[in-house]
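This report refers to the structure that appears directly beneath it.
Every chain is named by a letter (A, B, C and D) in the order it is written, and numbering of its residues begins at 1.
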Amino acid sequence: MNRNIVVAEATGTSIEDRPVEIVERKGIGHPDSLCDGIAERVSVEYTRWCEENLGGALHHNFDKVQLVAGEVDVGFGHGQVIKPIRIQIAGRGTPETPDGRKVPMDTIAIEAAKAHIRETMKYLDPNRDCIIECYAGRGAGELISVVDQITANDTSFGASHWPLSGLENCVYQTAQHINYDLLDQFPIGEDVKVMGCRTGDEIVLTCAVPFIGPELKDHTEYEELKSAVQAAVQKYADGLDKRSVTVYVNTADNAEKGDAFLTVTGTSAENGDDGSVGRGNRVNGVIAPFRSASLEAAAGKNPISHVGKVYNVMALLAAQDIIEQVSDIGAAHVYVLSQIGMPLDQPLVATATVRAKNGTLTDSAREQVQAVLDAHLSDLSGIRSKLANQEITLY
Amino acid sequence: MNRNIVVAEATGTSIEDRPVEIVERKGIGHPDSLCDGIAERVSVEYTRWCEENLGGALHHNFDKVQLVAGEVDVGFGHGQVIKPIRIQIAGRGTPETPDGRKVPMDTIAIEAAKAHIRETMKYLDPNRDCIIECYAGRGAGELISVVDQITANDTSFGASHWPLSGLENCVYQTAQHINYDLLDQFPIGEDVKVMGCRTGDEIVLTCAVPFIGPELKDHTEYEELKSAVQAAVQKYADGLDKRSVTVYVNTADNAEKGDAFLTVTGTSAENGDDGSVGRGNRVNGVIAPFRSASLEAAAGKNPISHVGKVYNVMALLAAQDIIEQVSDIGAAHVYVLSQIGMPLDQPLVATATVRAKNGTLTDSAREQVQAVLDAHLSDLSGIRSKLANQEITLY
Amino acid sequence: MNRNIVVAEATGTSIEDRPVEIVERKGIGHPDSLCDGIAERVSVEYTRWCEENLGGALHHNFDKVQLVAGEVDVGFGHGQVIKPIRIQIAGRGTPETPDGRKVPMDTIAIEAAKAHIRETMKYLDPNRDCIIECYAGRGAGELISVVDQITANDTSFGASHWPLSGLENCVYQTAQHINYDLLDQFPIGEDVKVMGCRTGDEIVLTCAVPFIGPELKDHTEYEELKSAVQAAVQKYADGLDKRSVTVYVNTADNAEKGDAFLTVTGTSAENGDDGSVGRGNRVNGVIAPFRSASLEAAAGKNPISHVGKVYNVMALLAAQDIIEQVSDIGAAHVYVLSQIGMPLDQPLVATATVRAKNGTLTDSAREQVQAVLDAHLSDLSGIRSKLANQEITLY
Amino acid sequence: MNRNIVVAEATGTSIEDRPVEIVERKGIGHPDSLCDGIAERVSVEYTRWCEENLGGALHHNFDKVQLVAGEVDVGFGHGQVIKPIRIQIAGRGTPETPDGRKVPMDTIAIEAAKAHIRETMKYLDPNRDCIIECYAGRGAGELISVVDQITANDTSFGASHWPLSGLENCVYQTAQHINYDLLDQFPIGEDVKVMGCRTGDEIVLTCAVPFIGPELKDHTEYEELKSAVQAAVQKYADGLDKRSVTVYVNTADNAEKGDAFLTVTGTSAENGDDGSVGRGNRVNGVIAPFRSASLEAAAGKNPISHVGKVYNVMALLAAQDIIEQVSDIGAAHVYVLSQIGMPLDQPLVATATVRAKNGTLTDSAREQVQAVLDAHLSDLSGIRSKLANQEITLY
């Protein structure tokens, strides 16, 4: 059966030509990102357990995790968690197989959350600093046969674009650089937030970077290290775009009051910032309000039949492949729409809105784009295995 | 001081000319909508208490509420809640005023949630069917002086468009019609979901409508009533757009298996569907993936200084006023960007991207649009009082 | 089969002849009593539901309820609950019948708790002032056939004595008088505590009586009403024993500091006093440390097979019947010991230690006592129906 | 000021001469014992923190801990926790010192609970198998000056006797032997229960001993090991009393059905047995229903001013010293009664009811007994430091 694939030409102002652009990335230690990461890890570990123990997947949907901030006592040279962070895992799973075998759903979920925190956060100890609870309830109980045709669980859609705009790229790379490189060089935590604003050809990156109070002597040392972090980020960001980039760090500090962004655990979840799944970065890693995107939270949903997860990831991968494989195309925005009850590989419509580098979309390019979409729709199992192996970060 | 207001002309394909469009509205009884409604009501009641008892507002942010589904036993002619719905209110408030006076934050929050449920849901009893807990913690404690200049709490933005597209309007009106009119005529609940899909000139509205099990005799009666609901919705929807509209109701029912969408309380929150703030409708009432929108959850945030709330509402109101007051303009999309620490009425930039009815944006129209934006930026207290009086639904 | 019933003569000093005696009663609104009452009501309502819907009882054990105190803001002329009381019902029940029918265990438990509070407390509103959660888990699932022989679920025992000593009677009657009579005459609550101490022939009753802050104008009115309550209790207590009785009320008040025992809801559970099942009064209504008693919490256990409940109640009823029916006997202490796995009506041994009024236990009296015990052991269903109809207060 | 100390002669039948005696000990891994141990450890660690950081103690009362059983999947050769055990710490403490310093009450409480479990249980991992929450609230905030006179917080009392009866000793020693010696020799857990019944001169000890499912191959191995445990206990118990002792192990097993007492973690808290403070052993280590005892839960209360803790421990220590130091005395039962507001070392009355070995209480022995009581009342700080150093097990 032929798939309904539509390739259209992008019209209107390109994102790079807009006068103003704003983009944000919440770092991996931001409360919302932590919730996304935990939700997804629960799904991964639950799926793994089912594969290993039951030889197949079980329906689930763990896309609801709420983080309630704790309370700390922190200052220069000291710090202590007064009240642990509370992590409330919700969602649906299958506590028992059709033949009566118990599935350790709560244990899997809680251990997955701890594993995520342990592997993501340098200073936050999931056992000491968090209380993790699983409120997940009973969902539909059937074993999903992945051999059979999988049908869409909902009328929904996925959407993503590629490449990232210059600003989006700046924001994304800068946040990752702080999270993965600077973390080893400075006494800082993972709850980084990079807000990028482009006005014409000027890019401003405003970075919030938490410092670790117990590791610092006094306010003087804080200011010195903050300057050093600013310099390091500025140096890194200079090479990211052809336009000028200016970096600010912790601008909310009121120097006169001696304010400082100090934490014990590297995340503001410790003292005043709550989090939730689906409230942070989209699957391409950024929040870009001038772009259209899916509101669906991909993290935590089951990778077998859940449109909100499978189609969002597919849209991103397809857009990336279009740019990589179709040399004429400079930008692609992919939408995939499901129809409840229809096979997942037969969407209502899959659309790529593309922009040719030289301004005109050739028939050949159009066919190549179509082929990329078709290939992705034929390879749902490829997406599932990428998700199972955590090769795709959804936030 | 002059404000930085930019009026630009919309380019590219208009939403009505796109070949495919998809729009969704989650009804007022959907678990995500319930969370939005509860979060906002908590903010409203907390603000009211502070005004009445302290003569001013206190910082707060109740934009995190998680709903964990309950469990029911339901069938034709009977139904019972087995395990109550669990509602977990999180966020930050001020449990004590600067001069040591206790603020009944938990009590206000829980009572506000109950009030929202009581006034929204016909069959769901907040005392009998829900366990409502307040995990909200201590935030910054200062009293906000609304006389003084309010500064933005974050670098963030608001975005909204007006008018709704033909499909958006169909979806919105249909959902509201079921929620507010048909509810009185049929034994149905509020957890309605309308998914609209337009392909060319054909509009399809797929409606999920929960029936109240105890009120129905048997499957025959269910099928009869479902047909009657379908007919009523079809009749109503026929007049909503000049294009053809086809209405489906509860298509997920498998007739052979005798499936039916039955509930005890009118919401799937009772048995398997969790909810969270900010995961449902945008401030204009719909989810429109082909449009750009803010990801910020407006519900529950404080109406004094929180950009994610104030600017989103302002963007919607300004876009509506542009359409109403500037006769040449057929469509407007407003973005307002804040800069942390700057006065809220002095955004980094406020932009309206407008489409002239006759294709050309005149200088006069441009000036009128600019004036509308300026007026809204000068009247933050108007927005706050609309929010305080619940004149604006944020979802 | 003959039962192993032993009737022995009491030796040693009678309770009335001890130089010092101390007895306590926690009133019906004390946090521990509330927990006992809730636990028992859950058992009663669960049993009732099973009888009505399943035609039989299901195993359960709801003898664990913890109350976590709330927080209030209270003073003369005003009062408000800041943070609700948290009631944590634990224990075991059967969420599903053997044939797959769901039992609304959580709903029954929570509604039972509310019913108990509503019927016991004048000022405490279970919906407004409490958060009630059910953590009860799955126990053994079999339906108990009450037609068949019931066997003891444990090697355990029940113990009780009758009559109450003079001091025990004073303490019990006084607490009940305040709880049931004075409550209608004064602005006071149910969290009464009466501590009785007898030294030789002098009885002192120290009563803690909570006043309702919002109902009082000022400290002067408090002192006046406290004196009036003291006078009323003194008058009532004067007739209770042949020995002199002195009554004190709220002696912990420090007059100089202006202390007062004020509450909003009538119980200190509102602000600082936690509670738990089995930590308060024994089945005869008092805590009498110079007497031997069972440590088992009777409240909440299933009335069919749980020795800790059935034998404790039986011991009390049998002791009462001995005093009533065997005119020669002035005091009786009954112990009934079970053996796990043996029929409940065939205890390992049932003992009555009795004291003859004239000092000598006659053979006739001994036989009558034996007959009373035998009759009670033959009438387990009588005990069960008394419990089902709430004719026996277990605390 | 002279203390009111009364020494009386015991009358009536001695415990050893009663025809029937029943005594129980819940092992250190029983859910109730775990709650007692956790409550006490929280008090110890909280006191330690305050001493180290504030130079003094803070009022507290952590005598409420509820354990909600988890769920496991266990069999021969395998076992897994499906749902963690939930431990709910309640009570009152001081979250902030008078000068505004934060006290990490929640963190101390949770870490203390984990430390207790880690040091008590071989197979139960507090991080992996438990969810530990602290619901403790704010109590009175003053720093207790231990230099000043401490006054009783309540009208209450302590009571204990020494020596243990022959049966009490058998039960206690046997449980400890299994808990501390056999645990290293067999694949068994700590949730041991020893129920002792003496009928005339025959002692029967019925022991419940949990086996560790994953460590056992099959039912045959279980039966073999159970016999070996029975033999080991029988051998040990033979030497404990001059009367004959018969030992049974896991009599509830139904051999035909292949029943076995299997656990994953060594405690039935993992699957169906809830626990609570104050529902298990008294301060002398046993539950002896034929003896009078205090109902107060000593564990978790503050060791400075709480009568329910200090006087119960004092009663036990004084009774032990009487037996050790006054050679004429064969048995002692000590009661100490407080009067609220009076100095703790000036009880209303302290009574020792003693039984002389040769039947007659001499004046000299009476004086020595009085001196022992007086010495203990003069040395409250000795009791406090014993409690602080965990030299006394309260259950």
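The rule we apply is simple: a contact is a pair of C-beta atoms (placed from the backbone, for glycine too) under 8 Å apart; a residue touches a chain by one contact, two chains touch by 3 or more.
Bear in mind that the values here come from a model prediction, so they are computed numbers and not experimental data.
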Shortest path length from chain A to chain C (each step joins two touching chains): 2
Chain D and chain C - chains in contact with each: none
Most widely separated chain from chain D, with each centre as the mean of CA atoms: B
Distance from chain B to chain A - Cα centre to Cα centre, in angstrom: 24
Distance from the mean Cα position of chain D to that of chain A, given in whole angstrom: 51
Separation of mean Cα positions, chain D and chain B [Å, integer]: 56
Touching two or more other chains - residue numbers and ranges from chain C: 71, 83
Every chain pair meeting the contact rule: A-B, A-D, B-C, C-D
Sites on chain C touched by chain B in the complex: 71, 73, 80-84, 95, 102-107, 110-111, 127-128, 131-133
Residue ranges of chain D touching chain C (in the complex, touch as defined): 6, 8, 10-13, 19-20, 22, 64, 66, 68-69, 71, 83, 86, 88, 90-92, 135, 137-140, 155-157, 159, 195, 197, 199, 206, 251-252, 272, 274-279, 287, 289-295, 297, 335, 337, 340-341, 348-349, 351
